[in-house]
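Listed next: structures, encoded as structure tokens.
Note that chain A is present in both complexes that follow, paired respectively with chain B and with chain C.
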Partner chain A sequence: MAVGEVGTRPRERVRGRGSRTPYLLIAPAVLAMLAFLVYPMASVVYYSLQHYNISKPWENGFAGLDNFTRMLTADPLFWQSLGFTARWVLVEVSLQLVLGLALALIVNETFVGRAAARAMVFSPWAVSGVLTTGIWVLLYNPTTGLSRYLADLGLMDYGAAPLANPDTVFAAAVLAELWRGVPFFAILLLADLQSIPRDLYEAASVDGASRVRRFYHVTLPHLKDAIILSTLLRAVWEFNNVDLLYTLTGGGPAHQTTTLPLYVASTAVQSQEFGYGSALTTAGFLILTFFSVAYLRLSKFGART
Partner chain B sequence: MSTDLSTLPPADPAARPAPDQPAPARPNRALRVARWQIYLPLGLYLLFTLVPFYWMLVFAVRPRGSTSLLPWPVSLENFETVWNGLGFGVFFANSLKVGVAALVSTTMIALAGGYALARYRFRGRTAFMVAMLCTQFIPGAMMLIPLFEVFRSLDLVNSLWSLVIAETVFQLPLSLILLSGFIRNVPVELEEAAWVDGCSRLRGFLVVVLPMLRPALVAVGSFAFIHSWNNFLFALMFVSEQEKYTIPVGLAFTLGEFSVDFGALAAGGVVAAVPVVLVFAIVQRYLVQGLSAGAVKG
Partner chain C sequence: MASRRWLTAGALVVTSCLALAGCGGDSGSDGTTTITFWDDNGGPARTPVWEHIIDEFERDNPDIKVKYVGIPIAQAQQKYDTAIAGDGLPDVGGVSTAMLANLVARQALEPMDERIANSSLDGKLSEQVVESVRATVPDEKLYFVPMSTNMGVFWYRADWFAEADISPPASWDEFYAAVEKLTDTGNNRYGYTIRGGAGSISQLLEVLYGQSGIDEMFDSSGRSTVNDPRNVAALEKIAGLYRKYTPEADVTNDYVKMVAQFDGGNIGIMQHNLGSYTDHVKTLGEDKVGAMFVPPAENGSRTVTSHPVSGLGVFASGEQKDAAFRFAEFAAGKEMNGHWAAETGVLPANTEAADLEGLAHITEATSVLNDPETRLVQLPYYLPEFNAITKTDAEPLFQKVLLGEMSAKEFLDQMADKLTDAQAGYEQRNGG
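Take a look at the complex of A and B:
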């Protein structure tokens, strides 16, 4: 992974020390990020301390910690969405990792039709959240979906509507997101698998290691950093994933599938409470940063095994 | 990775030299996986991957009133409806404009910054790289409110430029780091030879380095394009005039109709899918190669 490059020195002969050229070269990137990432992030913190509602300008003004007090003490939806976010991220990331790793191991073998198989199993990666929703709405709908045709064959009852049923909506959303999410892990882990020297496996098998033992003692240690990093990136990404749930379930039924960013988006888009939405955003940043740092520390990222 | 033909199903064991070893114990037999252990799980997974695509295709092309699950006979009436009636023709053009503009700006800015990281050592270099990496943890959905405010003050709300800018900013860090990894893999001696021949630094870069970066540029550019093509939330939030909708927003509105027209939904889905699936089919090979080459070895 490219990320391991932090702190490594360029091997090339160093030229142009003290010259202005490198600064000119990075200037566009730095300016773009300052204007459209750093400044907006700072302004979120500022707005979180304000009453700021586009549709009620007469109430705007300094709020102190009012927004945070409201969030922590008077807003059950905040806690509910936080709980659902945790469940969503945990379930998605672990299932995607396991399936993605299995898939990467399979398409890393040599077999007839491998190139075509790779292209096909990776393809949902390129599909948007909204399109995923479109496809799975077709598949889940009781009149157009799989269930109707299975019912025609007498394999199940008519009328199953997984997205409308509170008992099945979570599983239905998880499955749709898995369809699109597994290729991410498969692609990243396949790239890393290909860098494992084949001799290691041959040596291990000469020593009598079974396939399972080779997996645990050669493959997994080699993939460790890639797994840590990809799970972290994916966790952030799934935390942030609004498109699919926004269009597939709309956060419902009864806010059951509302994640924190989805709650922020609806606070901003529908009720236009930018101040309160900013407080929710700030809380989201803090939570995410805390867990990312803790995860990297606890997993000993980059440590030699 | 060379295609290792020796692990294809064995036709005739005697055809391969197996020195000193009893017939069944071929060199990497212990490493070989039984064919069914590959094809069975792969087949099941392919079913899971392809059935949804197939479903969309069938519903897109089948005539109204049909309940057949075969994509035959093909009717284009759904495409006619979405392209002209629902405005997907316009949305398509908008998405294309934003995608291409985001691709160009991301690649240019990332190329300049990546070159600086790969070829110069300067004060603040490490800090810059760490900052780039940290941005990967910023959730885009959380930036909706502040970015909206920024674009409003720049009078860019309802302009496609807001989408180009937002896409570029979010795609930039990863593109820049990937490209700097690739540039580092181009031997600096090649550039030095060009300078000795009287090339300027810029010309040396254009003539020597750039051609060698073609696979990397394809990968990074297609990342940016696909990402931009698929973005929904920014487009929904920053653009509210219908003639400026992008494809995902148009698709979401088809979904949100009171009674969904499933044929139109499926046809809209196909329109949304074709460009990215095409781009992906072309670049997926570079994707894995690019990621392993861009991975740090030094």
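Take a look at the complex of A and C:
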């Protein structure tokens, strides 16, 4: 009896302490998530149900679903900005994927100067967003930019401003964002390309598969999960893109490059309509959540091929 | 042992909280008081001017230290909003009538009437400026110490005018003729630049009312005059210059891009205000820059729009209000206000402000403002919706007008409806 008691007490103590330890260890992370994720999200949902404009405090109060009704039925700018956001995400993610994959395939080959080529391909990713837009603003500026020098050489007329022209502003903004976004795909896909066993390619070659067939039947299936994950991540980032478009075009001219987050920023920050701005943010959150879940399900992410 | 660890952790948390809460002023153990001052237009042009004023103030008041925090002008309103919500306002800060209605609605500012009446500033501040500040709030109190006001100016390239052998325009017809004559697109020269991006509407209103000669924002029934047919005609005329005599980039021009074009040597005439004088002179040289004011309308009267009055506000939540007011009083005093106006190129609020004789454009601006023939259109900064109407709503629509996607009348009708509604709401709330 005494021996048994002596034998079980330490184990109980260990078990007792052990059962609390995991909770203590994850407590900081849980607290951080509650403070920096759950609370802000709950706060946005709360304010989306309020009339809350700090410059008109006499109108503040519970709004029910008024903000959402206004958004869906009486605000053409919501639909316009949502439509532009969808177009922006689709064009950006598709082009970044195709060009990033092409670059990854090139720098995955063995050639003289490969290290320098890889460094050049990846370098735009290391440049901060605001600096990137600063560079492109100067390039597009008719006083200081490329068009000025081309006009000096007599190759075009003075005054061309791609960011001010409704016919060119979308392409100009897409190009600037491509410069920053392509390296993301190139880095991610190159890492995955290097994990494809060489003997798969050798076996395919022995079976007479051409380079194109090897790409479609060996490379692409192997990259599937990386492509799904990277396109999903990039789609979310592009949806929420504020820095580049805000600095480059400010959403203009005439709302032509206003994404939903830019519209939220002007509604909440400039017009100080925090209630309506919160409703727009909630809508964006729900759209992104639905898109992410549907995309992962439809693409069968993680399933064996 | 465990309790000591908890004590240490607790002490750390308390210290951190105190550090975070250290936005306002405090009294040091050596008897000095430290006040925090937020400059609402911090940057390379204005920060050195404030540093000089602070140095002079601290020399005169060794018992007060001023902690300077510079905030870029584009973020000032947002910074104040966040600070009000988080109870982190400074003791004293730069305030203008453009943001006053919002700050007063949230009871963030201390009224200054009594303090000014008992100070060295009593009777020294321009009545016109003081009235302009009072008119911005429903209770007509003076919620900040005014330091300066501004006035719309057309900066022009004096050397281009000399080359073209023309005089600065004395009428709107001459203005349009000069814009046409100065344009030479083949050599990258444009007669004029339109501000089509951020901040466009206040400048637009100045050229509309300047051409139409209408001198009230609202008629006797409370209806906005912005869509009066004379203003519509004026807008059609000015928008007609776009891309013909102005650069294509104008549609998205904010202040920085507009000035870059003018100072870069591509523009003959640029509309802004007195505040950009130092930038132009620094880049182009004094002899190449001239200033002219809004030409008279067809009815013969010169009509200018009011510009925001700037000054220093003492915040109601501050614990060092006396020290904060002493700083504001010092900055608005004769010497410092003169220095401020001379360095930043604006009109001083202190009527005794000195050292401005060498600045011809300030002397001329003062005489234009004091001319009995000049009509002043008071922009309704008192409307809480004014910023949203003229920035968020109207700026993109004005771009549509420039791009030919919307008619001038449709644009001005929309803006007039919103201003009329806002004015009606204001009058209803304040028993007007």
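Here, the second predicted complex is superposed on the first by the 286 of 305 C-alpha atoms of A that agree within 3 Å, B and C clash if a C-alpha of one lies under 4 Å from a C-alpha of the other, contacts with A are read in each partner's own complex, and residues count from 1 in each chain.
Just so we're on the same page, a contact is a pair of C-beta atoms (placed from the backbone, for glycine too) under 8 Å apart; a residue touches a chain by one contact, two chains touch by 3 or more.
All values derive from a computational prediction rather than experimental measurement.
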Open item on the list: By the touch definition at the top of the document, which applies to A:181: first (chain B), second (chain C), both, or neither?
Closed with: neither
Open item on the list: Per the contact definition in the header, classify A:144: touching chain B only (first), chain C only (second), both, or neither.
Closed with: both
Open item on the list: Contacts for A:165 in the overlay, against chain B (first) and chain C (second): which applies, first, second, both or neither?
Closed with: second
Task: Which superposed partner A:100 touches (first chain B, second chain C, both, neither) - done: neither
Task: Superposed model, chain A: greater residue contact from chain B or chain C - done: B
Open item on the list: I'd like to know which partner A:157 touches here: chain B for first, chain C for second, both or neither.
Closed with: second
TODO: State whether A:266 touches chain B only (first), chain C only (second), both chains, or neither.
DONE: second
Open item on the list: Quick check on my understanding: which residues of chain A belong to both its chain B contact set and its chain C contact set?
Closed with: 141, 144, 269
Task: In the complex, chain C residues that touch chain A - done: 78, 81, 84-85, 101-102, 105-106, 185-188, 190, 196-198, 247-252, 254, 257, 260-261, 264, 266, 384-385, 387-388, 391-392, 396-397, 399-400, 402-403, 405, 429
Task: Residues of chain A touching chain B in the complex - done: 1-17, 19, 21-23, 25-26, 28-30, 32-33, 35-37, 39-41, 43-44, 47, 99, 102-103, 106-107, 109-112, 115, 117-131, 133-139, 141, 144, 146, 149, 179, 187-188, 190-192, 194-195, 201-202, 205, 211, 233, 236, 239-243, 246-247, 261-262, 264-265, 268-269, 274, 277-278, 281, 284-285, 288-289, 292
Task: Parts of chain B lying in touch with chain A, wherever the complex brings them together - done: 1, 3-4, 7-9, 28, 30-31, 33, 35, 38-39, 41-42, 45-46, 48-53, 55-56, 59, 69, 108-110, 112-113, 115-122, 125-126, 128-133, 135-150, 165-166, 168-169, 172-174, 176-178, 180-181, 184, 188, 201, 226, 229-233, 236-237, 248, 251-252, 254-256, 260, 262, 265-266, 268-269, 272-273, 276-277, 279-281, 284-285, 287-289, 291-292, 294-296, 298
Open item on the list: Considering only the defined contacts, which chain A positions touch chain C in the complex?
Closed with: 53-58, 141-144, 148, 151, 157-161, 163-166, 249-255, 266-267, 269-273
